[in-house]
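Can you read through this structure? Questions will come right after.
Chains here go by letter, A, B and C, matching the order in which they are written, and residues are numbered from 1 within each.
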Amino acid sequence: MPTRSYIIYDADQPQAVSDLTHFDQRSTGQTLAGGDDWSIDFRKLRGGTSEGVEVVDLCSGPLTVSVLPTRGMGLWRGSIQDEWIGWDSPVWRPVHPQFVNLAARNGLGWLDGFNELLCRCGLSFNGPPGIDEGAKSPIESQLTLHGLIANKPAHSLEVTIDDAGEGRVAVTGVIDEATVFGPQLRLTSTVSVIPGRQEIEIEDTIENLAGSEAELELLYHINVGRPFLGAGSRLCAPVGEIAPRDGRAAEGIDEWDTYLGPTTGYSEQAYFMDLRNNPDRETSVLLANAAGDRGFRVRWSAATLPCFTVWKCTQDEADGYVTGLEPGTNYPNFKSFERDQGRVRRLSPGGGSYTTSISIGICTTTAAVDAERAAIAAIAGDKSPVIHTVPTHPYSPV
Amino acid sequence: MPTRSYIIYDADQPQAVSDLTHFDQRSTGQTLAGGDDWSIDFRKLRGGTSEGVEVVDLCSGPLTVSVLPTRGMGLWRGSIQDEWIGWDSPVWRPVHPQFVNLAARNGLGWLDGFNELLCRCGLSFNGPPGIDEGAKSPIESQLTLHGLIANKPAHSLEVTIDDAGEGRVAVTGVIDEATVFGPQLRLTSTVSVIPGRQEIEIEDTIENLAGSEAELELLYHINVGRPFLGAGSRLCAPVGEIAPRDGRAAEGIDEWDTYLGPTTGYSEQAYFMDLRNNPDRETSVLLANAAGDRGFRVRWSAATLPCFTVWKCTQDEADGYVTGLEPGTNYPNFKSFERDQGRVRRLSPGGGSYTTSISIGICTTTAAVDAERAAIAAIAGDKSPVIHTVPTHPYSPV
Amino acid sequence: MPTRSYIIYDADQPQAVSDLTHFDQRSTGQTLAGGDDWSIDFRKLRGGTSEGVEVVDLCSGPLTVSVLPTRGMGLWRGSIQDEWIGWDSPVWRPVHPQFVNLAARNGLGWLDGFNELLCRCGLSFNGPPGIDEGAKSPIESQLTLHGLIANKPAHSLEVTIDDAGEGRVAVTGVIDEATVFGPQLRLTSTVSVIPGRQEIEIEDTIENLAGSEAELELLYHINVGRPFLGAGSRLCAPVGEIAPRDGRAAEGIDEWDTYLGPTTGYSEQAYFMDLRNNPDRETSVLLANAAGDRGFRVRWSAATLPCFTVWKCTQDEADGYVTGLEPGTNYPNFKSFERDQGRVRRLSPGGGSYTTSISIGICTTTAAVDAERAAIAAIAGDKSPVIHTVPTHPYSPV
């Protein structure tokens, strides 16, 4: 049976909506070579600030990941066997954008909804809040932390079951970040799993629908806690060059790749990196636990996501014990600085587009962890990384 | 059969709600002299920032117009035969107010939801954002672009089928713009069509429910694109006096009544006018296409809407190719300037009210266009208009 | 039959939800000694800014009170026999938080939703808006009027029917006021009535879920209008010490305990008090009408709510004729001043908690009013109160 698609909703073609909200081998009649344990469920949350939040649970068999169309197609969290993939944020549940005022808290209101395994920072801007003096107009100059896209809902949502190869089950959402006299950026995001595999793939395309050139900043804030993060966990990355974001990060530069356990009073540290990549322009990092039998691997297209930031936030469990692995078009500095460094992308008018792809793989054996380490070592090669011990231009403003 | 009314919802009398959501000759048993092709439909949009937006489609037979109770009883768009009435905003779909932060974008957040054929700017204030030093208190002084009413939902919605004369099918919404220690303004808006006719009527009453005098600013932002707007389209208006808003508008004063096609890099121009009116204190303007076989006519009560603004925005199609025909109590300058010119209305305490009426007529033949032109010429009379070639007091601050 | 509980919703255990939305003797099989006229109803409002607001109507038989889980477990209003308990705010209906921008109106946006009989001001802060220079970080420093909790929805809601003694019917809601890198306060609020009685009980516990100490400010804004408030109504309170908030309040210090009828142009007056309390650390106040046959009594735990504020707002009926009886952890001054006076509570990390209890009793006979007056007189004792005629430190900044 060929590829089948089902529209969950589409603001532009309401009549085309499917009746199904549970998709599996039985309800779709689709048999996939990778196995028949896959499923997709569409549901809505109830209660508190989660009221009305939509969730799509994509299950490959061994792995399930929950996508949030209401929150910019972010990944809420996943599970594998009996273990969670994600982190325990003080914000316990997915927050409907109606309850997030991005301009509140001195422009840090974004934190009121921050709890995902993966959320996008962008599309017009990311980084800290402030007034961007280099913006085209007042419509674009008032920046709030990490931009708008994580609090925008999809206006169209479609499930696809593709039987090519081992098969693939996917959900695609489309989100507009658009205003009059300002940016008109469209994100089309597909999140998919292959039956039987412990892997999540994200493929995003951003289009500029406006009649003039548009700016793009896009960073994937991928946030990981236990069981991958713990005392003695280690980050394996094919570093070409690394610099601490600020003085606080410089204090820990010698231990940039290892992690503390939950530490009362710990203050966050961030490192900016230029990673090496393979001939296909892909690169990869791995967070492995101390025992070396759990690994969280991220692989992505370095050609379109050349900047990599590591956010270490090994504070008390109660406050959110977490690390961020963050591939981006840019480093999460204030937009005007990134523009000056040439790290703000420009999309041409009338459909200029930008495509990124990210794969998250979960290792649950020592062998799998070792294989990922070997792959990263192959990318890294023999050359020593350049390690800056203090904040360094052009990574940070100094 | 006499006039029949159906309550779609009423926050104050939930038990009185009708079961019907589709109204026509068959479902209501109401036969109207103008014809039996009329209908009214109530529906809710799904997906993205349109989730939960209510729409009432009023159909006269030849013409359909979609009213948005959720967005201040604005008119989303219409259709006649196979042509759209409205414009293509970069904001593609009706936006639920929960997704509009009016204070965002330096007070220009209103633009995030701006795509209607008709939306109201008001009720307490309209015009650009800023701090109104002349406001009664801090509760009223922080002004955002074009006020609150376009992002307020109706708390009561009623359909009426009136069989007097040719008949009339109408929807009435009631919206409160009220706060504690501040303005308490109530808008009761009725939008109606007459079976068989190509016309939309809007009748609005604003009441002051407070114990003290209230200020009122109200402007109808009526926005038109193709097929009425195009290269060589012409605006016919019974101008008594006209002044450009600013230097940019002054550049085009000689061509104030003609339009360019979509023009890359075009920057908006606005003209403020004092129009002549007929003995009934009505006035009328017409936007006709170059061929003269499509016309968009607006007629209104000049006694209560004495100020007329034309907004020319013939930018790229992708960015919103549009012109605004804007009858108002005032010109859309900053409120304190309008107050100083005596153009902010004052409603007396305890029910002081203000009523406006507007009719939009659609011409689809050369003969209909010519007839509207003739009617406007009759209002204009023989006296030449006064044309200011530079921004002029009291139209603009100079 | 023992105590029975029903989950209306719980974001954390969606599968445990009960089917019931109407609870009474018949639907639950629960017979209570106090009488069988009790009931609990769960419903959702429709229309305007009330769309989606949840209401729980708790009925004791003689008295009904409507709780608003969507608005911080506030009490919307009550009724007894044919009389309302509450006040007529210019904001007519319960407002869904999605329509309240707390930062709007120069930080006074809270007033756009203010119409309850009882709403909480807190939890991290209350009082006027401004920048709190003493805050831990920018995440906590931008204060808006009266804090966040009144516009936060419950994420779990449970009905309990307890047959101990005369019986008790209760609703419990849980609300998180939490963000990343900021406060994590959880309110668990139970509102209950005893069958046959004219009394409402509120028991609240606030927990600090964070890994570090948290600040708490909590004030109960209990707002009363007719029939309890009217010309010649009198407030009976066991005053130890009283001070006017400001110069405006000082003008009326001699009449602090009596009320005017609706008065055009009246400007609000507030008084800060230290009340005496009984050996159980309870205190009590009574608002009685001029005839002395209607009384609104509030009794509370003075140990945890030591500060009492009276807000006199006897303005025009149209603008909201009301008085506020406001037990709190603090006086509603700007937070930094309250902190300096030691009136901001500190909760210890990892579950430090704070419990308050309030009872509202409704008197509908002269005898009942007299009995409450006598009880208050007993608390007051013989010692004369200290009456400050001008704003006085440490009640107000002077």
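Brief remarks follow.
One rule holds for everything that comes next: a residue touches a chain if its C-beta (ideal position, glycine included) is under 8 Å from a C-beta of that chain, and two chains touch if they have at least 3 such contacts.
Please read these numbers as outputs of a predicted model, since none were measured by experiment.
Least-squares overlay of CA atoms from subunit A onto subunit B yields a rotation of 120° to the nearest 5.
Looking at which positions face the partner, subunit A and subunit C present mostly different ones, since fewer than half of the interface numbers are shared. Per-chain CA centroids place subunit A at a distance of 42 Å from subunit C. Touching two or more other chains at once are residues 98, 101, 103 of subunit C. Residues 9-12, 14, 17, 52, 97-98, 101-103, 138-142, 144, 152-157, 175-176, 178-182, 184, 209-212, 349-350 of subunit A touch subunit B in their complex. Per the touch definition, subunit C reaches subunit B in the complex via residues 45-51, 89-93, 98-99, 101, 103-106, 108, 111-112, 114-115, 264-265, 315-320.
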